[in-house]
Every structure is written in C-alpha cells, then in structure tokens.
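In this document, chain identifiers A, B, C and D correspond to the written order of the chains, with residue numbering beginning at 1 in each.
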Amino acid sequence: MRKGVLRPGHVQIRVMDMQQALKHYVELVGLIQTHQDSQGRVYLKGWSETDRFSVVLVEAAEPGMDFTGFKVVDEQTLVNLTRDLVAFGCQVEQIPAGELDFCGRRVRFLCPTGHWIELYAQKEYTGRWGVREVNPEAWPRGLRGMRAMSFDHCQLHGSDLQLNRELFCDVLGFHLTEQIVNDEGQSVADWLSLSIKAHDIAFVGDGNVGAFHHAAFLLDTWEALLRAGDLLSMTDTSLDVGPTRHGITHGQSMYFFDPSGNRNEVFAGGDFHYPDQKPVTWLEKDLGKAIFYHSRVLNERFLTVMT
Amino acid sequence: MRKGVLRPGHVQIRVMDMQQALKHYVELVGLIQTHQDSQGRVYLKGWSETDRFSVVLVEAAEPGMDFTGFKVVDEQTLVNLTRDLVAFGCQVEQIPAGELDFCGRRVRFLCPTGHWIELYAQKEYTGRWGVREVNPEAWPRGLRGMRAMSFDHCQLHGSDLQLNRELFCDVLGFHLTEQIVNDEGQSVADWLSLSIKAHDIAFVGDGNVGAFHHAAFLLDTWEALLRAGDLLSMTDTSLDVGPTRHGITHGQSMYFFDPSGNRNEVFAGGDFHYPDQKPVTWLEKDLGKAIFYHSRVLNERFLTVMT
Amino acid sequence: MRKGVLRPGHVQIRVMDMQQALKHYVELVGLIQTHQDSQGRVYLKGWSETDRFSVVLVEAAEPGMDFTGFKVVDEQTLVNLTRDLVAFGCQVEQIPAGELDFCGRRVRFLCPTGHWIELYAQKEYTGRWGVREVNPEAWPRGLRGMRAMSFDHCQLHGSDLQLNRELFCDVLGFHLTEQIVNDEGQSVADWLSLSIKAHDIAFVGDGNVGAFHHAAFLLDTWEALLRAGDLLSMTDTSLDVGPTRHGITHGQSMYFFDPSGNRNEVFAGGDFHYPDQKPVTWLEKDLGKAIFYHSRVLNERFLTVMT
Amino acid sequence: MRKGVLRPGHVQIRVMDMQQALKHYVELVGLIQTHQDSQGRVYLKGWSETDRFSVVLVEAAEPGMDFTGFKVVDEQTLVNLTRDLVAFGCQVEQIPAGELDFCGRRVRFLCPTGHWIELYAQKEYTGRWGVREVNPEAWPRGLRGMRAMSFDHCQLHGSDLQLNRELFCDVLGFHLTEQIVNDEGQSVADWLSLSIKAHDIAFVGDGNVGAFHHAAFLLDTWEALLRAGDLLSMTDTSLDVGPTRHGITHGQSMYFFDPSGNRNEVFAGGDFHYPDQKPVTWLEKDLGKAIFYHSRVLNERFLTVMT
C-alpha cells in the first residue's frame, strides 16, 4: 500500500442472460445480491466484504470484463494518482459519483495490456453480511453454494507487460510477488499485490489485447474447494481444471465457467508475500508445473479460452 | 463377512527395478519395509496394518499384479471355501505355508476375470507399526512421504463379470456396494466389499483378461491427498488423475504411476455400505461422472493403460 | 457380524420439551425428521442412513435413553438370538411390529449394565435422504446445522462389565476394539463393534445402573467438527468438551448437551478395527489421555453428568 | 504499512535450559535453527520466513520476553520513526548493528504497557528455508513436529492501553483490527495489524507491567492444529487450551507451554482486516466467547499465568 491503493474493490462482468448469471453467481458461487440499479445491473458481494458491492453483473451481447477497480485510502490519493497516471501517459477518464450506485467518483485508465482499470476512494460501508458488528459470529448462517468470501482478483491477458509492470508498481504501489520468465529473462506473466496476499491482480503477456482470463473468489479451505467441485457436478456446471494446487502462489484452486463463458476461479490459501521479499520466479519452460502443480500439464483451453 | 473372509490381505506387484520401486513405495507412498525374502522379494505394509505385510514387490521383466489375497478367519473357513471354490468350478492351487515368509498356506484360484486370487488364514501378527500396544499414540512419528495407512483394494479388469460376481458374492460372501450398468441393464463394473468399506475389490468388464488397473492405499483425509499430490510434483512422479472425488463410493482419490508403470491410487473417505443396503447404481452413459465426479470426463489413459 | 447383528439401528431418547428438542436435533445437529407417530414421538435419521429412522424422540418428565436397538440380517437370526439371549439368562421382552411405526417386531433385553437393548430385522427402507438411487450426488443440498450423517453409537454406564462383554461378544457377535483396564487387569470400559467401525456401542463400568452417557452422531471431517463447534456458540448451546481427539479410537469428537440435558457427541474418523485384531488397551491410570488425547485431563462433568 | 513498518520481525525469549528449549522449539514446534551466536543465543525461524531469523532464545534465570522487533522498509524510515518516538515521549535506546548477528542497528523503545519494542531496517536475506528460489516447491521436505511456518505475533499485558494504542497507530502506522471494550466503553484489549493479517501484536490491559502472555507461530490449517495437539500428547508437553477457534479474529488456535513456562500459541486462519474497515468490537462481559469461541469459558490459567 505504498501509494495508498488498498485492495481490489470491484469488477464489472458482462453476462448474456442475467437470470442464468444470478443462478450461477448467487446460488452456486454464493455471492450475496445487494442491489440492482436502474440500468438493470446487479450488485453482489462476498459475505466477508465490508463495502456494499464488489461484483457488478451487466447484461450484454458478449461476455467479458468491462473493468476492475481498486479502492484507495482517500480523495487526496485519488487526486495524486490521477496526476501520476496522466504523467505516466495513460488515457484517463473520469466517471462521476453515482454512475455505480453507492460508489463515489471513479478514475478509469487504460493500462498497457488493454484493460480498463479504475480507482475510487468512496463506497457505501455496510459491514460484513449476516454477522453483527459487535461480537460477530465466525460466519453467517444462510450462505449458499460455494460460500464465496470475497472477490479476490482478476487475471488479465494482454501485451507490453514490462510497461504494465512499471505502471502498477511505480505509479500505483503494487509489488511483484511472482513472475514467469522466458529464456531471454523477460517476464511473460506478473502476479502483483498491494498487501501480503499472494496476488491482487495478475497479468499474462500473450499478445492479446484486453482479454479477460478469470475473476477469482476466495474460499476458506481446501475442503471448501472439494465441496465447490461437488457443487459443479450437482449443477452441471462446466469445470475447467481442479481442484488442485498452483505452483505459482502455492494456492489451492479450481476453475470453471459461468453460463456466458466467463471463467471463474475459486481460490484458497496462497503464500504471504511482503514487499521487501524477492519475487518468486518460475521458468516458462516449466509453465505446466508453475500453473498446475500436481499435473504439471496445461490444458489448451486454459491457455486460449478468454472472454 | 458372511463366509468368513475378513479383508484384503496382500497383493504381489511386479516391478522392473527393485531399487526404484522401493524409492517409490517406501519413500514416496510411505509404506514400511518389513522384510526381504531369500528370493529377493520385498515385503511392505501400511503403518496401521497389524499383520507382517500387505504388499510384496517382486522383480520381473514386466509390470503387473501376480495375485491379491484375502485373509479368512480360520483354517476351517479355508477348508470350507476351498471346497466351495472347487464346487463352483474354479481352478484352485495350493500354495504351501512359507512360500511367502510369515504367511500360512494359501489357496489360490483363478477367477472368471482371469486374475489369481488367494485366501489364507494365518500371517504373523506384529501390531501397528511405530505405536505401542498399550496407550497407543494417534500415529507414529517418522512416517515418510504420503504416509499410506494400509493397502486398501485392487481394481482388476477382465471379462465374464456376471459369473465373477456370483463367485465373489455367493461363494466368498462379498456384497455388491456399487455397480455401473449399461443400457441393457448389465453391469460393466462391480465394487465389492467384505465389511462396510466402500470396496475391498473392484472389477471392470472391458474384455481384457487378467489386467491390473491399480492397487489402492488408504490416506486419512482430503488434505493428505493434497500433500500427496504435492509430493508427486516434488519427486517428478507421473500423475494420472486427481486429487478429485469419485462419483462411485464418493471417496477422494488420486492416481499415479510407479516407475514400472503400475498404477497406484491413494484414497480417502468413501461411503459406508452395509450388506442390507441396496447397491448404488451408476449408468454407463454417465461413466465420466461416476468415475471422476468433478470433471465428469474420463481420460483415455485411465481406460486403457493397464499392467 | 459373526452372529448376524448388522449395526446400531435406533435409539429412543427422552426429552422434556419436544419443540426445543426438534430445534436442537433437526436445526442444530441436522438430523432429518421423517415421521411423527400417533403417540407424538418424532422419528429422525441422518441423511446417509437408508432405513426410515434411527432416532426417536419421546416427550417425558425426565431425560435419558429408553432403549437402543440393533438391526439383524433376517427374521431367522432374530429367532436364534432370542433363544440365545434367554439361554444366557437375559430378561427378554417381545415388542410387536408397529409399536414403532415402519419397524418390524423387536426383541428387547435387559443387559447386565441395566440398559434395554433391542434387536429387530425389519424397518422400512427409504434410501439415503436427498440423493437419488441412481447416480447419487456426493451429498444432498439443503442439509442444516452440523449435517449429521448417521446415528453412530451410544455410551452407556453401568455395572457387571465382564458379564456384559460376554453377552455382547459371545451371544451377539460384537468384538472388543478397545478397553480401559485397571491396576487389577480388569476392564472398566469396553468399546465394542459389529463391523470395522471403531465402536458400535461403549460401556463404562462405574457402578451406575442403566445410565445414559451420550448418543453419538457421525460427521465427516475434523473441519465439520470445527463448524459444529461454531454452531454451538451461534446457538448458545452448552458445550461439554472439544473439538478434540480421543485417545481411545483416535477419533475426533465434540460433546454438548441437548436442551433436556442429554449429552450428544459428534464424531469423525476413528481407527478401523477387524475382529482378528487384538483389542487396544488403555490403562486406567492414564484415563485422561485415553479419553481426551490433547488435554489429558478429564472434566468432572464428563464423568458424573448422565441422564 | 502507513508509516513504513512492515511486519513482526523477531522476538527474544528467555529460557532456563537451552537444550530443553531447543527440543521444544525445534523438534516440537518445528522452527529451524539458523545460528548460535558467541553469547550462546540460538537463532531460529519458521521455514517460510525469508530473513535469517525471527526467534532468539537466550538462557536466563527467569522465563519471559526480552523484546520483540518489527522490520521497517528502510534506514530513512528508521530515522524518521526514531524522531517520532522521541517526540511521542518514549524512552528510546540505540542498539548497534551486530548486537544480534546478521541484523542491522535496532532502535528500542519502552512502550506504555512496559514492553521493549524494537525497529530495524536490515537483516540478512536468506530466502525461504528448504525450497529453491526458482520454481519453489509448495513446502520443504524434512520439516519437524508442528512445522511452524513463521513467527506470527506476541500478546503482551500491561497498563495504559489508550496511550499505547496512540503510539502504535499514530506513530507506527498500525491499525486496530479488534478490541474488547468494558461497560464504560474503554478498550481493555487491542489487536493491531500492519497489513491485512488479523493481528501483528496484541495488548491486554490488566494492570500488569511488561508481562508476556504468549508468542504465536503460524500453522497452515485446522488439520495442522489437530496434529499439533497430537504432538503435545506424544511429547508430554503441557497444553493450556485448544485446539479451538477464537471469537476475536475467528482464527484457530492452540496454547501450550515451553519447558520454561513461556506460553506458545499455534495459530491458523484469522479474518483479513484492511485499514479502511472498522475495528471489530467485543464486549468484556462476553469475554469467554471472545477468546474461546466454542467453550465460551476462560480458564483461570489463561488470564493469570504470564512470564
């Protein structure tokens, strides 16, 4: 949090059928619906998140991610970072307060990989869902499906990873936790964090522009991942890979698809990484092990299917 | 245990290089070496097993299973069952006491699927490995690798499943816990138990003769399977599938290969099944889900690679 | 199952307020209500059990256990065992079919510890709750609270343990899995099984007559016990001890009280024990470790509060 | 990390017999011995920590904590914070580089609760123990005992909690994650974090001066806590409480004592808490539930035994 950027705060995902999407994200993934706005967008959050929403679903003709946003500590930070983004050469747009209900003004910039990233300082504070503010229970009763705790991060595919890293690290204060380097010693994938979490965003440099690989939601244990896998089968939901462990971050993970074809990850664990610690390096020639630690083999779908 | 057959007692596995095999079964799987006989065969057991050995490794030119054996309650049962096997029409051989060190006489028969199955009443009782007989600790210190608790079962592929089931159920007292039936209502795979375990042996009817699909070892939890998967990666051992859940038995499982190409399974959980309970039926058209509950897809290797 | 006795089949528990009891056993423990009879008794089962019920709650002025029953394989076994019980010197009563709805005739006997134990051969077969008979899912959706899988066993306190063991082992075909012996080498507590489960019933010899220590319900993992403990706190339910591990059986356990003061246990794991294996012996002088493996200290309440 | 303070970096613990202490901290807790200095002090670390040491054991006549230290991002931060500590009114001491081997200069101050707290910017970087820097495995083989991952935090008891909180939050940049407040609305215990961890240090205001309640080490799962509890029994180590869940932080925990009587905690999980989120408040009248979520009862020993 060297520059005042706190954490991943929201992601807006395009879905082709809202009813199907809600069945997926609310009943299966277990996010909580907290609002629907006048445009028909539905606002969701994981139960452990304290702001009003973290996932926005919007009906559209094509799947994909419209933008993902990060919360900053205060308005002054927003002003400063806007200045720095412009100085860095980013295309920057101002989104007025209220364009997303309950959310203050957002500053949106196009990052070198071709994705729209937002910063905002203000969102309605509602506290954790289903537990009291005083003497809170360990978890709320009445959770559904996979009981996702929070929106965790996005993985985005694009180009110009080097410039992108400079932007996220030097301007926004992320630190690099892990990277995959090719034979020339250049990174082909960066995992970046704002705190000690294994990653708050990941970028893969594969020549795409603005491609959306997945949005990830936090589960609490490896056993929760087993039950999440069970639920995929019970609901005839398309599994991509897992449950398994990643080499990168050493977190436990499962990938699957929402009804529109957007990839989701549910994730548990993951190494802590402090900013004074060296990034962990993986060799591209060992990509299989880096991604899927047990099988050490990538499936073609994982590398090519994006929205 | 209607006929006095107690449990899976041993399996003799052919390996092409004993040193490599021991590295695999002792250091990785975590079985305990308890003996080497004058023929060079190595005797192993899982720490929780009370008899002297349950796995016998024998060096040979080809991998595969020589035989698997079941312990019966006493000598009289052995006499009676020998008579019943002959009456059923089985080819029966007598193996004298001491052919396997520490083991009494064995009665060996060829079952309809083309496998050699043994019965024996006597094996040296050594108690659990690494824990005292009085006030025993929960587990022994000094276990290695996956910490396999016991030899659990074999899966064998052959033909004539209907006759085979009659033999195991009517003569030997197994009960059918689960089955896969084809469109004609015939079973193409049988899971059979002597107690309340999900299975003590499994047979798949795929036209093979005497084929060995895998030997399974018991782990205690889903978390132990995660760490077992980690160990595969650390030791560059070939993973087949998992960790995942089976539809059949609902147990948690991972498959991998020993250095000779024999498939191993490590297994945890699995539904209890009493003999008065109906067998669980799976439809062959849903074979993927029956075997790999999360992905609902079989890999070709799983269906065709046998030793 | 040497004598045809299959498993624990039911327990009838006295509760002082049925509505409170249902809130406890259905909403908190997670048993399924499957019937209420004309006397007002409520019939429950764990979701994984295949017969119509396993727990019967009856309103009464005092808490406690009326009886616990074991299922036998068939009517002939019932006839034979009745003869053997009488020959052993037991007081035997015949309960006609239908006294419990959906249950065939029961043979009830007073065992030496002063408890009423029943045998029956017939109960309505309903299959597992919430899953289909063909291609069954791993677990049903819609379970509540602790999601108890099944009624597992009772622990009963009384006198004359030696005679009681003879009855259960020699007449009914149980085998002794574990025991606590005093300095004179006499058992002061017996754990007895009909299959390979760590125990199907437990008796403690403490000079009581017909005292009820607890009824236990099966959970599937140590993590399920954590969440069960959480639920006690969320519902202000009185905890006795745990979650912890037992020395005896090495199972994982938590004790708590129903609103009438009956003690419940939720239990996971536990060593398998085959009838050819020696019983595990614990020394009375190490009773604390035998019962509560981590703390190695018994609380007074655990030894003295019974219903 | 608002003020450049990164994380808990070390604790120096007094032990009365070094050989017994090493048996405890190395063989049982599973810390790695990385050095012994010319004074005889032994340096340890958890395997996942990247600096040379985090725990220093020093032989002394009495148990207790000499000091605990926090790493800051750089020398300039150390200079600035020294100035701010003096301005706040703290007694500040300068410890030259090398007083602890491999560690740069330390700035030590007496905080209002009567404990010596240190800041330092430099310590030898060794990387994680037992795993390579490139393509690192998920965990190292050869870990012992409880396999502690890292030194996590200390809990310290003293007086003047309000002033202490100002120092830690305003001067050092901690944020308050949880607190226990009495009927007058005053905090009687503060949990403070530098990142998103549930706590990096905890202070209890009970009228003591400079008392040491416990040092905590991180384990990765609830199952690891079960096995840690098993190890206490196997090694006849004195358990205080657990395994159980805390209300505060909702983490999973077990307390026990080293041979000198210092209390240790092993800890897993715990809610993430960001600096923009409100602190969680617990009421002193519900202290039992706040501390031990399952039993909701404190043991006297937990409140009074300190070193």
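Keep in mind that, in the parts below, a residue touches a chain if its C-beta (ideal position, glycine included) is under 8 Å from a C-beta of that chain, and two chains touch if they have at least 3 such contacts.
These figures come from a predicted structure and were not determined experimentally.
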item	value
Pair sharing more residue contacts (C-beta pairs) when A-C is set against B-C	B-C
Farthest-lying chain, centroid of Cα atoms versus that of chain A	C
Averaged-CA centre spacing for the pair chain C and chain A, given as whole angstrom	47
Centroid spacing, where centroids are CA-atom means, of chain A and chain B in whole angstrom	44
Rounded Å distance between chain B and chain C, as computed from the means of their C-alpha atoms	31
Contacts with two or more other chains, residues of chain D listed in rising order	138-139, 221-223, 230, 233, 245, 247, 289, 293
Touch-based graph of the chains, sorted into line, ring, star, complete or other	complete
Contact footprint of chain D on chain A as seen in their complex	1-2, 6-7, 48, 50, 71, 73, 125, 127, 133-136, 138-139, 150, 195-197, 220-222, 245, 247, 250, 269, 271-272, 274-278, 280-283, 286, 289-290, 293
Touching residues (chain side chain B, partner chain A) in the complex	222-223, 226, 229-230, 232-233, 239, 242-245, 247, 252, 254, 289, 293-296
Sites on chain B touched by chain D in the complex	137-139, 141, 221, 223, 230, 233-234
